[in-house]
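Two complexes come next, and they have one chain in common, subunit A, joined by subunit B in the first and subunit C in the second.
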Partner chain A sequence: MKNEIIRLERVTQIADGVTLLDQLNLHIFQGEIMGLVCINAQGQEALIRLLCQNVPIHYGYVYFQGNLVNNYEHSSMSVNRVSVIEQRSRLVEDLTVADNIFVLRRGFKQYLIHPGILEEQLARFTEELNVHIDANELVANLSFFEKCVVELLKAVVTGAKLIVIRDISNFISASDLKIIHDLLRHYAAQGLSFLYICNHHEEAFKICDHVSLMENGKVRKVLDQTNFHDEIISHYTLDFSRIDSPAIHKSGKNGILKFEHVFTETIKDISFTVEKGECVVFLDMNNTALGDILRLMNNEMLPLSGKILLDGSDWKENGSRLKKELCFIEENPIRAMLFQEMSYLDNLCFLLDQKRPFLWTNPSIRKSVAQEYEPLIGTDIYADDITKLTPFSLYNLVYYKVHLYHPKVVLCVQPFSGADMYLRHHLIGLINRLRERKIAVVILAVSISDSLVVADRLMVIENGRLCREYHSEEFHFFRTNQ
Partner chain B sequence: MKQNYRQNPLKRLIAARGMGQVITVTVGLIILCIVFGILNPTFFSDKNVANLLRQIAPILLIGIGQSYVLITGNIDLSIGSVVGMSCMISATLMTKGVNPWVAVLITLVCCVLVGIINGQLVANCKLPPFIATLGTMTIARGIAQIVNNNYNTDSIGDAAQGFRDFFYYGKVLGVFNTIWIAAILWLIFDFLLSKTRTGRHIYAIGSNVEASRLSGINIVSTTTNAYIVSAICSCVVGLIICATSGMGTMDAGNTYEMYAVAASVIGGVSTLGGQGILIGTVVGASIWGVLQNGLQFAGAPVAIRNIVIGVIVVISVLLDVIVRTGKPRKKKKKALLNMEVKA
Partner chain C sequence: MKRYQSRFLSRRVSLFLLLLFTYICLLLLALLLIAVSSKDYIVLLLFGFLCLAGLLYFGYRWVWLPYQETEKVLQLFASGYTLQGIYELRYPFSPKMENTLKKLKAHLNTNELISATRKQAQYLALQNQINPHFLYNTLEGIRGEAIAAGLDNVAEMTEALATFFRYTISNVENLVTLEDELTNIENYYIIQQYRFGERLNLSIVYDCEDREEILKYRMPKLTLQPIVENSIFHGIERKIGRGNIRIKIETTPKRLIITVSDDGMGMEESRLRELNEKLNIQSLEYVNPDGEKKGGIAIINVNNRIKLLFGEQYGIVLYSTVNVGTDVEITLPLIAGEEKRV
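For the complex of A and B:
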């Protein structure tokens, strides 16, 4: 008989008038990898919190290892043996791997620390997994993949019964993801259970035993492995295939952005050309080179050899001037790129003052911007407090800010990371709006997500080298190879 | 056959966070000593070395206390005032005929109380550490003044000769007791910081308070412990000053909090928390002492000495910030995510 780890029965949770979890049912057994594909983000955070801690709910029951631990009448606030692995690391960067795994956990009894013993204990785990991590290495020096393994080991050592893996492909490269999947299968075989949360069913189908589809805080469908087909899931998802791409504009032999045999510490002889209005996706399979591409374009480093040309001008010689022709859209831009204390319009015009020096003293410029962009953005453009706006409106702000600034090239770092299906669909529209203004869009990604829907070309980087290039008509070859 | 997974302890020590700066400043210290030795050969005389060590000891002690607090990601501005309070309370009690060792005990309790209040204000009441300890700094200085009705005390008298010998004048194995006290306290607190669970918790909350909370660490008690260590060290320094002068002075320990920050930061303790080792504080305090002593020998006025020390502190903090935020680590280059990108 299968042992039950967690069971949520008709759980309803309401916060600030919003139903985060709506009659939610979820059942996870020992040794099972349950997938959770969130069609929209509503309720995802609340669900994870509820799994970790028995916080008050408005209706329903929560059973952990067969015991009723939470219900609508009484919530003890006790903590369940659940660990979460996500992009926001729960490790202490200034301590060693061994300290993080063994010392910083509830129930560590020893007062005196013996690093040698901790090393031996860790070696037993790493040998079993066939991975090498130095016990005395500081966590700050580890890669995302290594941190992920350390968090997994910490969860195992802590005695977690359920491990929530959340949007892991957003920060782990494709090749490392395969290793992580192997580790999950290894521990699942030993009786650990996993809740694998991701935004793409294709990713969940590769690793999970069952997949639940969640929308508006409710599980709409649970699929077992026999039902892992795109056709079944298409009833619940948006159609991304009917989005038309704007035309590409050829701009001479050098294009708008050109890399010519560029070398850095991690980049090995990369050459490519991007045209006006083109969207090119760089998929870094090992997550090694994209950081250097960003640093190069942000003037934080120079190539060891090779040439970078922006609109025909040498980047090395005219970097500070050409930088104005370039924009970045960071990962999770509504957190990283907006100023909460400023109004919507001030945020929208923020970059523009580089081109219009009297922007802030001349209200008529901002007034005309508001008039021009109101049909695109709506009345939100007049909002004084942007913190009250929806994520859709804030993403509009980020992308229309770039649209208004009108650079020649925009570099987007993982634009679809953490976005639910509706938001991803909206983002594709926003990227296309940039392209319609003949802005070249370069997407830097470690996971492909929905990038191919908007891309004209895909460049695959492996170990710092550009190893394959696919044009849009060849994308099915890439999908087949995946 | 049992495999040996244990790393060489020396390698482990070298790999410790902040050791790079310790090595750098140690080289700097050696160069300073050589330069001052060349400028004035009496710099290396037995008498001067003994005096120099005795001068360094109080700075090392308050440096240890400040290091503990800085590693938790906080700061203690009340150190100088607690030194003054300790000096005045112990001296006043002794002049009123209280047994010196009872006076020491009462003083210690009072100082620990200040440490507990600091810890609670910062960790429990969530006051910014700068403001919280600024408040207790003023309060402790006020207590130092009020304890003897706004006067310095009279001489603590012959009855306290044992106390004075123990803290300042006495020698064991030819070494002044002040140095022994500093060395023993350093050993204890270094052991506590580097070899025990409490020490790991202190580093952890300074590095990532949220991760520490999720790991079940009691943030309030750990922070309070760090402030208590700081208060104990300040108390001992106050007692040393009392033993030195044989009386209580209200302005004892004035600006010592800055010396403590200087000793810690020069020695590689990060002002951002989570990093630093107490061997670095020894080097930091030594640099402070050598500069004071050496520049005095060289005939530099007090103002120049202060400027030199100030410049060194700024450079040390700058180095720390560059190392922590500016220098890309090779492995970190792998990380695409969370990068700072200027739009």
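For the complex of A and C:
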């Protein structure tokens, strides 16, 4: 007999006329790792909130540990013993690891805190898990992986019955992900339950006992391990099979971007060449080197030794001039790269003023930009308030901004992070639009996501070294090794 | 429209309370002006405002929230989401309303509904078995086996058919054990195998260790057979190649969860939505169906019977995708013990 931790029965939640959860059924047993692959993002946020707190629902029943805790007639607003681990940490950055785990919890009634005792208590957990975390370290100084482990320990210590793990591969590296998976299995064997939310079924299949596929706030299919194969999933997903990439244009022996035996504190002898219009993915297995690559290309640091060439010119000597030939698309760019108070067209032209000094005083330039890009973007290009636009339209804005600016190289940081399947499919199209303009696209990632669909080459970095390189026809070797 | 709205007492009471509240506020405001100009009774007046605030809060918790809850349940009843909800109203508007609902409940006698669904289950099962195709195929199977002089097979098939008929017709009002239901399914499978041969494969999976104990749990008779039949005829029959049906059984301390999955044709999103809506809304429309809409009646019937017997929190949920298959998840209360009549 299995103990049910949470059971959602025909839960419907409607907010502002939008059905967020639509007759949703979900049950998670004790000691089970239930995967939730969201085909689109609708309802994901509402579901997590509903698991944590018994907020009002339009219809349905919610049972926690077999007891009815929420139903359409009465919602008590009480809090369930559920913890959420996601990119936005819930830890207090200025407190130590031990304080976060043991002191900041309900039921802690001591007035005098003995750091030594807390340290001992933490050591008991970390030894059991075979991980090392300093109890007196400030949370602010921890890596994402360490924060993740601390949040997991905090959830265990506070007695959570269900832990929601949300899009974890977006922010921790592939090798750390394996350790986290081991920890989840360890605690699942001890009776803790997990809801593992991710955008990729391959990731869920590796760790989960069951996987629910959710679309439009509704569970479409619950798969058990016997059904964990791509054939079934293909009926629910868009076609991500490799499309013909735009042609790569060889530009001399130096390519458009070249690293020659580059060393920094974390990068160890990296050499590569990227050609015009090529898409190269750098997968950092330990999440150590990507930061330095970004800083190098941002002119925030110089290599300890080695040479970087952009379009044949030395980056170190001509950095300020060459910087104009380079663009960055940050992680979650619609939050980080757009100005909400500016119109769509002004946002689109924002980078262009570096190349066209009279852009803002000459409306005819912007008018002709609008005319040129309207067939690609649609009527959204005339929007004055971009806050009312869909994520699709905003991603169009980010990528077409770069398209218009036309740099030689664009560096994309985790472009598929947090994007649902439809958005990822759309992003692949946008990246190919850039490549059609002969812009070299360098993707910096800690998880592979759908990067291989668009990539010509994959470079795997381990411990700061470029350890493997795969061309598109060899990607299946990489997938097999994963 | 406004005139139409004011027909309702709830509207009139709301308006009346609003007027009363406005009157009190104006009165307090007037008193406040007098008190400020004469500089007397200010404390008393403040106390008056405090009392008003307390009264409002009390009214919100004691009247407004329960009123909203009752309104919501009535609205959900009207849109078909719930039937049980209006019988279990925590805050009826008045004793008369409560009595009215009791009377309504008596009119919609649950026992009669159960009896109707039970009869419908038996009727549906029999109707499908007596239909010419069923008999023809079965007899054809027997004949074929006789010609081939495989008398053992003829005996086995005939026995399966007889046992199946007997089980279907007798004592539908009883809760039977899961073992009985599964034996009936195995009989049904034997019969269908003569038609489908290797094309049809049935497996029963117990997702727990204590199998012997699980088989003793009780459930309404003819719960599984209509669902398996649906899987075969709407899922696997039209499929090219081999079809698999899997019955998975799970238990929790309070529930028995049975999932019947097939890897057949599945159904379109619109059809799935329509069926799931029917599964959520309890009505007996399906008892007199028109010919065209017959598909899925058996599942709706089983679902209604479960809900009427055990409550709205139990029943059937459907998941289906075209070319992938259909999963029917049946949730029942965990009932152990002797044979029960329902």
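Heads up, the rule we're going with is that the second predicted complex is superposed on the first by the 481 of 482 C-alpha atoms of A that agree within 3 Å, B and C clash if a C-alpha of one lies under 4 Å from a C-alpha of the other, contacts with A are read in each partner's own complex, and residues count from 1 in each chain.
The rule is short, and it goes like this: a residue touches a chain if its C-beta (ideal position, glycine included) is under 8 Å from a C-beta of that chain, and two chains touch if they have at least 3 such contacts.
Predicted model only: the values in this text are computed from it and were never measured.
Asks: Using the superposition described at the top, determine whether subunit B or subunit C touches more residues of subunit A.
Replies: After superposing on chain A, more of subunit A is contacted by B.
Asks: For A:I334 in the superposed arrangement: first (subunit B), second (subunit C), both or neither?
Replies: Touch partners of A:I334: none, neither subunit B nor subunit C.
Asks: Quick one: is A:L352 in contact with subunit B, with subunit C, with both, or with neither? Answer first, second, both or neither.
Replies: After superposing on A, A:L352 lies clear of both subunit B and subunit C.
Asks: Considering only the touch criterion stated at the top, classify A:N3 as touching first (subunit B), second (subunit C), both, or neither.
Replies: Only subunit C; A:N3 stays clear of subunit B.
Asks: Where on subunit A do subunit B and subunit C both make contact?
Replies: none
Asks: In the complex, go through subunit A and note every residue touching subunit B.
Replies: Subunit A reaches subunit B through residues 87, 89-95, 99, 103-108, 110-113, 115-116, 119-120, 122-123, 135-138, 140-144, 170-171, 265-266, 284, 286-288, 290-292, 294, 298, 327-331, 336-337, 351, 413-414, 444, 446.
Asks: Considering only the defined contacts, which subunit B positions touch subunit A in the complex?
Replies: Going through subunit B, the ones touching subunit A are 3, 5-7, 9, 11-12, 15, 17, 195-201, 203-204, 206-208, 210-212, 214-217, 274-275, 329-339, 341-343.
Asks: So in the complex, which bits of subunit A are touching subunit C?
Replies: 1-4, 9-10, 23, 25, 27, 29, 59, 61, 66, 68, 72-74, 219-222, 224, 232, 235-236
Asks: Which part of subunit C faces subunit A closely enough to touch in the complex?
Replies: 69, 72-73, 76, 81-82, 85, 90, 207-208, 210, 248, 250-255, 257, 276, 280, 313, 317, 319, 321-324, 327, 329, 331
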